[in-house]
Amino acid sequence: MGVKVSVAGGGSTYTPELVEGLLTRADRLPVDELVLLDPDPERLEIVGALADRMLRRVGWSGRLVLTDRRDEALEGADFVIVQLRVGGQTARLTDETIPGRFGFIGQETTGAGGFAKALRTVPVVLELAEETARRGAPGAWFVDFTNPTGLVTQALLDEGHRAIGLCNVAISLQRRLAERFAVEHDRVTLDHVGLNHLTWERAVIVDGKDRMADILEDPASYPGADDFPPELIRMLGTIPSPYLHYYYFPSEVLEHQRTHPSRAAEVMEIEAGLLELYRDPSLDEKPKLLEERGGAFYSEAAAALVASLHAGTGDVQVVNVRNAGAIPNLPDDDIVEIPARIDRDGAHPEPTAPLAWEMLGIVQHAKAYERLAIQAATTGDRTVALKALIANPLVGDYAGAAPLLDDLLEVNRPFLPRFSASG
Amino acid sequence: MGVKVSVAGGGSTYTPELVEGLLTRADRLPVDELVLLDPDPERLEIVGALADRMLRRVGWSGRLVLTDRRDEALEGADFVIVQLRVGGQTARLTDETIPGRFGFIGQETTGAGGFAKALRTVPVVLELAEETARRGAPGAWFVDFTNPTGLVTQALLDEGHRAIGLCNVAISLQRRLAERFAVEHDRVTLDHVGLNHLTWERAVIVDGKDRMADILEDPASYPGADDFPPELIRMLGTIPSPYLHYYYFPSEVLEHQRTHPSRAAEVMEIEAGLLELYRDPSLDEKPKLLEERGGAFYSEAAAALVASLHAGTGDVQVVNVRNAGAIPNLPDDDIVEIPARIDRDGAHPEPTAPLAWEMLGIVQHAKAYERLAIQAATTGDRTVALKALIANPLVGDYAGAAPLLDDLLEVNRPFLPRFSASG
Amino acid sequence: MGVKVSVAGGGSTYTPELVEGLLTRADRLPVDELVLLDPDPERLEIVGALADRMLRRVGWSGRLVLTDRRDEALEGADFVIVQLRVGGQTARLTDETIPGRFGFIGQETTGAGGFAKALRTVPVVLELAEETARRGAPGAWFVDFTNPTGLVTQALLDEGHRAIGLCNVAISLQRRLAERFAVEHDRVTLDHVGLNHLTWERAVIVDGKDRMADILEDPASYPGADDFPPELIRMLGTIPSPYLHYYYFPSEVLEHQRTHPSRAAEVMEIEAGLLELYRDPSLDEKPKLLEERGGAFYSEAAAALVASLHAGTGDVQVVNVRNAGAIPNLPDDDIVEIPARIDRDGAHPEPTAPLAWEMLGIVQHAKAYERLAIQAATTGDRTVALKALIANPLVGDYAGAAPLLDDLLEVNRPFLPRFSASG
Amino acid sequence: MGVKVSVAGGGSTYTPELVEGLLTRADRLPVDELVLLDPDPERLEIVGALADRMLRRVGWSGRLVLTDRRDEALEGADFVIVQLRVGGQTARLTDETIPGRFGFIGQETTGAGGFAKALRTVPVVLELAEETARRGAPGAWFVDFTNPTGLVTQALLDEGHRAIGLCNVAISLQRRLAERFAVEHDRVTLDHVGLNHLTWERAVIVDGKDRMADILEDPASYPGADDFPPELIRMLGTIPSPYLHYYYFPSEVLEHQRTHPSRAAEVMEIEAGLLELYRDPSLDEKPKLLEERGGAFYSEAAAALVASLHAGTGDVQVVNVRNAGAIPNLPDDDIVEIPARIDRDGAHPEPTAPLAWEMLGIVQHAKAYERLAIQAATTGDRTVALKALIANPLVGDYAGAAPLLDDLLEVNRPFLPRFSASG
């Protein structure tokens, strides 16, 4: 019998990529119902129509449902893929710009901006997971792509949900490093370790052999390496995630943000262009421009995970999952982002080496922040929210954090009913 | 039989206070030999002569030794109290001023300045401890007051020394809070927790009853409370150590440091005045001015600890000691600063509550830095030193840390032979 | 025959003070028609009703007109007093907060915030002056209190209007210094010099004798002196205007603004309270709370100026007027803020000493900015606006100014029709 | 009869370039005595020996004198070229690094660093000029290349000396723009205007026609244009001097300086390499590496000026000279940097257009600073020095300037006898 996949935030411009990803795995993942769930009727119509053209082009025989009704979408779903964005690009714009006035980095997944996004997102995703638990098929999986993914997955698993968190950082690096070594990407395995958006590659295994030494000899040698100066990579002996730019170069980032338009503003323009393209009734493939939107290989990761969960393949993928002893010097119940074996029972993290001190300290610091941010998001408690901000390694400063929190709560008021009630 | 106490850095202007502290505990601590060890002959003569007058004034019958020879000082010593300062106030001046040019806080015990001090201090103190182990009396105790105390104690215990680390933050707060509640200080006990200079008081027990609620009702009500705005104390629900100013108000501190002379410059002036006073042959008591030098109750803490170790009193004092399970969510081998029962076998930490997330994250982050700083200090490895700096919660920024390290190593070259050898 | 006085922005909470000021000068200034002009009907009603009660209480026999019609207000007016605020306190809030994100001070009369206010204000005030020229009584005077007063007055006089600009800085300092010397305020004369909000007192003449030496001996000795450290005042040998805080302490101001709510937010609260008070039908006097609103002695200055213009008194008042050789090292056509003799023909500046270099450079720099800001405001030319921002001594930085201008134009769009047209 | 040229600071690594420049103009400038004056015997020997080899290679018949005696060097000199550096590269290092700790840009010719250099340099150059006036040939010319050139020239002319100031910015731009238009450099004339290191090219005349419009169409089109973003050049409608980077991008410069070694450190290394090269007895030409030292076309400018002064050519060169009405909106006695006709009586500035507001304000501000800096340098008055710093457009902030001045005076004590006397 076929599989029902529901996509929360299905009106996203990312959706065509996801559709393509699911289609190419039809052998292992026989989807017979695909639901795009979105509260925005205009986007749903445009994106849905393109999805429909793409599916028809390849002769898919399943059923495509476009809906704004949660119950309809979740009823009997085997997989719920979450890519929603509470508050849309407008909320992202404030995440990225408001912190700057208080001397902090503005970014949508880390620091104060990521915190605001967490406050908006955690309650919504938890509700969705609860409804999935009630209405979904027995053993339904909840796959979260919405940022901050690690934090959201921590919240989901702490509440007992059957959930896995996904990110495209590892898969993108794998592809780029495969290019560097001129091999097929499935011959490259990474010793990827840390928390979502706070990770390092400690080993680059090509055909079973660690080639990190080659990287360190010429750190500028792989596509994307220009995020960091070679001396930094050589000093660390690892490849940091691009998001570590915010931790290793905060002052440079601040100066850049002070003098450039926000990424949200850019994305808004790209999205307008994409939707314009999607409207073209002759388009029945994923358009090229989508690559500029960011999120490369996102659907690749999502479709691969869903396929392996369904088929019980037992292959290894990088996911957000309970540590459960895999990293020896982190607690069992921390959600970490590491390689895990995927079967029908979920993701089973592979044992790995302890974190070096220079990774451990910042990871523990960030995890403590995540715990407080989840508590703040679920309770709407302003004091806990302030504790979370000062516990965030990219914030800390109380003098700026206190007035910043006022502004963040004020501007996000429509999306933070729990705070409205308590404030 | 009498006790031999040796003071490394005995030419310090602090010494008169220490002498007074030892004298007032003569009942439990029958010192019959006091050695002041110092490489600076002028200071040793001035300070030693004052100590001699103080001791004679009260009719002490023991032997006072002034020496610059380590073997003489350590031979048969029962207690070695370490208050030395490698590089003196001049090195402190550079610790406090050089980081500012790279956008970092300059402070002699935390951040980049404390790191430079750690590089200078750890090897010297370890050597002293090794020689104490060889020459000291059986079961000799090594008491470290030299900053960064927590980090130095971690190095000492990791090398297997019989050492305890001391700080005056807890004892000062205890005295100030006793004043606040108008009771004798021994009726006040603190739930003091964290790492040295990164601590919080979670409870203020007066006659067995926790009075924190009274503090939180009016956080400005105790002497010294003006370090922090009342809302911060109320939000935390604890009293932070004054050193947390560097963590909670980094930007304000930077602005202050940018526009004010360094503390080292002030201390240099105070010290010149003190030595001038000490020279007065009619002075045979601790002079008033000494209080401005900072380090209030320092000797109180040191003398109390030494007396209890000797007499096996079993009373509780706040010291730097292995965690050994006392704080449930920190590793056993972390050196922490908490209340411990003191007997002849040393300091036995009292079990206490886990750290709240907003404390835990920053404590773990700082501990990871400490581990790397110790490794850098003992190996002279420049790469590890740079890892330590970027692991320090008050530094982080690689773009500034790399050139800062160059400058710190350059200016401290005379005090860093291990780096000279390797660089 | 009596005098008609019209107040543009008559619904301001300041109005009761102005009414009181006019009433107490009835001998020299026989007002028989007072018009409050305001587009906001609610404010006009509340403030107008209070003005009416105040006037009736003292038995005034003239005519009070409340209107939102400019023609009615200006027709036959002898004096038009301008205290309007384009965009209200909401626009002020953005003036004060947006610059901070780009690393600049946010203040409503100087720097980038003052620039935004100038863009909004200059065209509106020029239109009002043109209509006054057409409809007002022959020889009607236009008195500007709206900030940035110096810049607005420069625009008015460059267009050939019969206008004088007013500010309360000099009169407030005169009052405070009179207190300091314990004399009646009319025995104190100031050598006040510079541009509006960029001024210094070079002499404090009490009964004909310069007492500056007494001030410099103890710079903390007059009320309000705490704006500046005594060493600064002593170094300068003059008393700087409080607004020079933005020039002499930019970094401290930035840090303060980053960590505190804006002044606009405070004023909004005070205004709400004032309007609540004004509603009280039993209130028929200026309420005490008005003093917190700022603008102390504002109406004092305005009423005194209008009275002297009408009566041709020939007394000396500090106003914004063409330099006309009064300050030897500034051009004749620069609007400066200095003492001037007031008669029926207007304000005649008193000759004074050249500016010292440390004043001259910054004054010339600020004046060049003012010229560009006026040109930008009247033409709506974005390039000129950007030139003005980089010419502003508190901005300068092109990297921040360019994106800042985008944001300022965007948020002020409803108030900047000339830019909307051209952009 | 032949000409005697003396070079103060003749041991500079620049000297070979100067020697070459003089040699190639032998027709108009028949030098028969060249004196290299320098207090450093080692440099004098190395550089002097190379100069000797260069001169002998071309068969020069004059006399080369190497000396550390001022009287010998100046006696009968027709031209004294000043390229000395008080305190050497070590002092430059502190000029570039100390301001950073107080939040200011560190640069050796502008801002706080240029101020420290001015304090060191002005008294030494004035003394040299006085001795030249006493000992030199009748009508001897004093040509200053030592930075800050404009300020030093202002000091020289205010003291009545027969002096001209030189800089290589204009001549370098002329060369680069000639390249851009693919013509010989003498077909390009610039409308270069402002103060030294604070200049703009308002017109680029190629064969008598202004080609600025071509530049603005593609501002990235000339070598060196990458100093500024094209939009900035287009907005200004002029080409700013590279030194304007400090004014238009202060925050970016600060961030760069915080994270990079100083230029002084780089130059020290280059100089060591150059001197090593110069030692080579087979070298008898200017080595290639000298170009990296900066100061391109420096000797070109110096030799051309000296030749034209001697031959009375009447050609136009860009020099530092009294304004004397040339720029209508600047005072006559301001030293400005503009094109001037050179004859035996000196430099006669060409009349030019007034400065646009966006240039005028910053130029006037900088000139006021220069006046105070000269007064501070010649009097050793600390109060004036502090006034100069707060009058400097790149400093301003009193809170940082006051402690910065303490540090600058302290570290430059050996070179500031006038301050030592008064402090």
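First chain written, first letter: the chains are A, B, C and D, and each begins at residue 1.
The rule is simple: a contact is a pair of C-beta atoms (placed from the backbone, for glycine too) under 8 Å apart; a residue touches a chain by one contact, two chains touch by 3 or more.
The model shown is predicted, which means the values in this text are computed figures rather than measured ones.
Chemist: By the contact definition above, name the pair with the higher C-beta contact count: A-C or C-D.
Modeler: C-D
Chemist: Report back the single chain whose CA centre is most distant from the CA centre of chain B.
Modeler: Relative to chain B, the chain with the farthest C-alpha centre is C.
Chemist: Could you put a whole-Å number on the gap between the CA centroids of chain A and chain D?
Modeler: Measuring from centre to centre gives 56 Å for this pair.
Chemist: Once you find the CA centre of chain A and the CA centre of chain C, what distance in Å lies between them?
Modeler: 53
Chemist: Can you give the whole-Å distance between the Cα centres of chain C and chain D?
Modeler: 45
Chemist: Please output the residue numbers of chain B that touch at least 2 other chains, ranges allowed.
Modeler: Correct list: 103, 251-252, 258-259, 399-400, 402.
Chemist: Looking at the complex, which residues from chain A come into contact with chain C?
Modeler: For chain A paired with chain C, touching residues are 97-98, 100-103, 258-261, 399-400, 402-403, 406.
Chemist: Enumerate the contact residues on chain C facing chain B in the complex.
Modeler: It comes out as residues 251-252, 255, 258-259.
Chemist: Per the contact definition, I'd like the list of chain A residues that touch chain B in the complex.
Modeler: It comes out as residues 103, 231-232, 235-236, 247-252, 356-358, 360-362, 364-369, 371-372, 383, 386-388, 390-391, 393, 396-400, 402.
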